[in-house]
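What follows is a set of structures for review.
The same chain A turns up in both complexes below, where it pairs with chain B and then with chain C.
For the complex of A and B:
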């Protein structure tokens, strides 16, 4: 019982962070058909900048986090501009965004070194969940922030005009244009929202764990895994898949050991895709 | 055409069959070149570069080595064996380094030892796997240029961990079951091989032995499991994972009634307390390399840490700094002794190996630490030379708890355990 509860709580925190990261990746693909290999940059840059602002300018964690997310959004806009004129060429987009990600990784390596960095948490202390099962409060907060952000995103996409336009463009870009929707504005909004989500995910991750330069590409593997499992371009699919991956991750760590977690996660994805090639919520194009 | 090919082939075979000769004729010397080769994106690398430069600055201010100005050339192995080999060769051949100081990763070290053997360059090295000194034992002529100077062979951590358990028992803290969290790497496996029989003798059971990959950071569930399994001690054997700070933070946050005591490489660094926002308090660790900023054991060590701070604005960011600083001074010493004894070329690596070997257990050289080499060029592990002092973080200071002749503090338990 206590083991299951532990897997549930730890897996939800992990899944929530994955969901913030992957839903943005999925949104960008859904709307623009861009495989944004620089998505991990927004994740990492926000966390690194928060640590930098706290250390160098003694900024409090909350203000530093807002600044970190703001810079992640700026990076998102830069990636939008970088890919604007090559969007039609899928391979070129992959090469350019990957090159940008590698460039930023090298920059972080030179500026902050290869050793992982941690940041002070939003909240200190632990919470007793059940009997002897305790969890750091920051992890519970991460679950709350992730779920609240995902609900707000769902509301935004389904209820607001910009959200409906994002939905329309992701369903059929040509039809959206015929309806008079300014597709470029929708794309910009999508990049900015997705980058902010990745920025939030990066900060939450670094609060619980740590951040290091190679994270830029490492989280891309998670984002890819989640998006493929959930169905390319499906926001809801990404969210559901994130939590599935989170639970598999934690359950494997607890039962087989940490060194098996990524292996089991990828095997499970391959197995699911063998049965459902379009992913959990994907549709044939 | 066939004849031409045949002649070329014969020439080639003849060249290969020729006896080995010194490839570069002895040139007139105008300086001494010291190479530093380490992963420069890690504190373990930058600390070595800075320490070497500090020592060289001091030596040059006093007239250099045998009157020659000393120059430092730097290489970055990027924790990659192939890069390490290429950089070693560049430093040894193009830059004409007389001696190379550095290393960190045991895997990279194994590869660079081949470049060392090929170029016959003196290599005063970091890294801790016993496989390095095993190479010297297996093929002395080939690998004799290698000396481990920064820290003891990794198997000695096992003796220190066993002593740590004895020390805890002597202080009234019972240890019967331990939960091991270690690097998924060859060096940690070497430690475990030596540790298991020692624990058996002490009547200590390993209730779980968890291997974690590089950058692993999910320690909370492991700590909870250790608690559930009634472990008395969580023993980290972590270096390359690079997340010792995360383990400490999660341990301090969960406050289990279990001490965290073992070899967490990150805990040796002077900045560790601040890096963990004070969570490191009460963590027991091994002072790998035998020196700590707040507990220097020799006069030179005391001076070195202050000079380092004065020059760079902070204390050494990694313990490898002590080894690198010592390496420059030990090199100077053996060159001067060789010269004094009338050696034809006092900078010759073959010659200097003999002089370095003179610093053995009965004749250590006292630098920032007392240094003595074993016949296989490992550092001698003993109370009187270098060993990994059993230490604890106490209110922002690193305190040595054991052995008693260097101890400057007593064991303190975390308040949530008393």
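For the complex of A and C:
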């Protein structure tokens, strides 16, 4: 019972982190049909920079986090600029974003080394919930931050003008243009928001696990599992799928060991594609 | 097809002029060029972006290594290296068939997404069963279990394999099957309207390309006498993509020749550029991004176009 509760709490934390990561990936895909293989760069760069700022300039963790997210947004804008003129060419977009991701990975490898790095936590200590049920406070905080951010995003997309425009462009780009929506501006906004979300996800992830350069691509496995399960381009689908993937991830880790999680993700993806290729909430293209 | 004969002749007499240390590298470059050409068969000719070509390279490599050294899995049987190499290709092809059946029947981006994560997942098996696959170090195969021993023989094995592969791929692309691949790439709707089973031809191209990747991986193992997870890894994948894109997708010759040049550049000419936070990989990735943005149709096509325009004026 205690085990199950632990898996539930830890899985919710991981699900929240995956949701922040994957919803950005899904938003960019929805608006522009770009498969952004550089999404993991925003994730990793913010975590690495936070660690770097704390170590080198002894900045406190909260200001460091804001700086880290700011740089993630800059990277997002850079990826937007890189793909601006080749957006219609699916092959080239994949190649450019993948090459950029590997370039940054090499850069991190050369400047920080191949070891895993840890980030000092926002809050120390363990919360005793009930006798034997003890949970690191960081994980509870990760859940709170992730859910608050997701709620804010939901509010942003469904209530604000920019959010409604993002929604309109991802539903039908031609119709959106006819209504006088500046698609380019919407796309920039989407890239910036998605990168910020990935940056937050990276920092929360680094609070729980070590972070190492290969994360840049490895983390995409989970993002892909989420978007395939939730349906490509569906925001709510991604959020629901994230929590399912989070529970699968933690359950795998606790029972088989962390090195099996990639295998289990692949099996999950293959199973979804075999049974229900459009995902839980996807629409037929 | 005519150009293959002089190429074969050139490769046959090359050992007379080149010292054996460079010959060793050139042989590896030829094997790599086969990977690029077989990737182009799938991506350049049917238009489906396969990001997991190295899955099949690694699968072939480890299959051949285990078959030639069955003691790793505690079995005792003797497989001739040539049989091991061919079986490696067949297993890769079967695996390609399974993945293709699952993902290529779906329209859109699923194929790219799934193939993108395959190498990452398969590399993990090396770490899970460290005892069998040897972890990140891999394991080496004793020279008496290897296909051929000397550098010269290895070079000729690589050269013959490269020539045969190029010839076979060329013949496939020239046949009716090749025309259907191109029809699928240029307009899937139109191809379907003409009665072409597009899914079938996509899967066929994928299986063929996986077969060549698997055999090439197995020969890589026999060439280097070790097997290591770098054959699965994403940098190798991007190097393949880089060569094919600069060479010009869908031209076969472009990717093949550019594969040789890029491999030699990375492992020979560019190794001088290692200082601070720059190494040869960073330079290659930067070149790739620049080429993809400035010449999205590939250097081969853009240069050909320029020459044609120049000849007209």
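The rule is simple: the second predicted complex is superposed on the first by the 283 of 285 C-alpha atoms of A that agree within 3 Å, B and C clash if a C-alpha of one lies under 4 Å from a C-alpha of the other, contacts with A are read in each partner's own complex, and residues count from 1 in each chain.
The criterion applied here is as follows: contacts are C-beta pairs under 8 Å (C-beta built on N, C-alpha and C of every residue); 3 or more make two chains touch, one makes a residue touch a chain.
Small disclaimer: the values here were computed from a predicted structure and weren't measured.
Participant: Name the contact category of A:78: first (chain B only), second (chain C only), both, or neither.
Facilitator: Neither chain B nor chain C is touched by A:78.
Participant: Going by the contact rule set out at the top, does A:125 touch chain B (first), chain C (second), both, or neither?
Facilitator: First partner only.
Participant: So which one touches more of the residues on chain A, chain B or chain C?
Facilitator: Residues of chain A touched, chain B against chain C: more for C.
Participant: A:70 in the overlay: touching chain B, chain C, both, or neither? Say first, second, both or neither.
Facilitator: Neither partner.
Participant: For A:254, select first, second, both or neither according to whether it touches chain B, chain C, the two together, or no partner.
Facilitator: first
Participant: Check the residue A:8 against both partner chains and state whether it touches chain B (first), chain C (second), both, or neither.
Facilitator: Neither partner.
Participant: Taking the superposition on A as described, I'd like to know which of chain B and chain C A:273 touches: first, second, both or neither.
Facilitator: second
Participant: Could you say whether A:116 touches chain B, chain C, both of them, or neither, answering first, second, both or neither?
Facilitator: Only chain B; A:116 stays clear of chain C.
Participant: Just checking: does A:156 make contact with chain B only, chain C only, both, or neither of them? Give me first, second, both or neither.
Facilitator: Touch partners of A:156: none, neither chain B nor chain C.
Participant: Can you pull the chain A residues that chain B and chain C both touch?
Facilitator: In chain A, residues 110, 218, 259 are touched by chain B and also by chain C.
Participant: What residues of chain A sit close enough to touch chain B in their complex?
Facilitator: Residue list for chain A touching chain B: 6, 10, 109-110, 113-116, 118, 120, 124-126, 132-136, 139, 208-210, 212, 214, 218, 250, 253-254, 257-259.
Participant: Contact residues on chain B for chain A in the complex?
Facilitator: Spelled out, the residues of chain B in touch with chain A are 39, 41-43, 46, 79, 184, 210-213, 215-218, 220-221, 224-225, 227-228, 242-243, 245-246, 249-250, 253-255, 266, 275-277.
Participant: Under the definition above, what is the set of chain C residues touching chain A in their complex?
Facilitator: Answer in residue numbers: 43, 49, 51, 102-103, 106-110, 112-114, 116-118, 120-121, 124-125, 127-128, 234-235, 238, 241-242, 245, 249, 276-279, 281-282, 285-286, 288-289, 292-293, 296.
Participant: In the complex of these two chains, what residues of chain A are touching chain C?
Facilitator: 29, 35, 37, 82, 85-86, 89-92, 94-96, 98-100, 102-103, 106-107, 110-111, 217-218, 220-221, 224, 227-228, 232, 259-260, 262-263, 265-266, 269-270, 273-274, 277, 285
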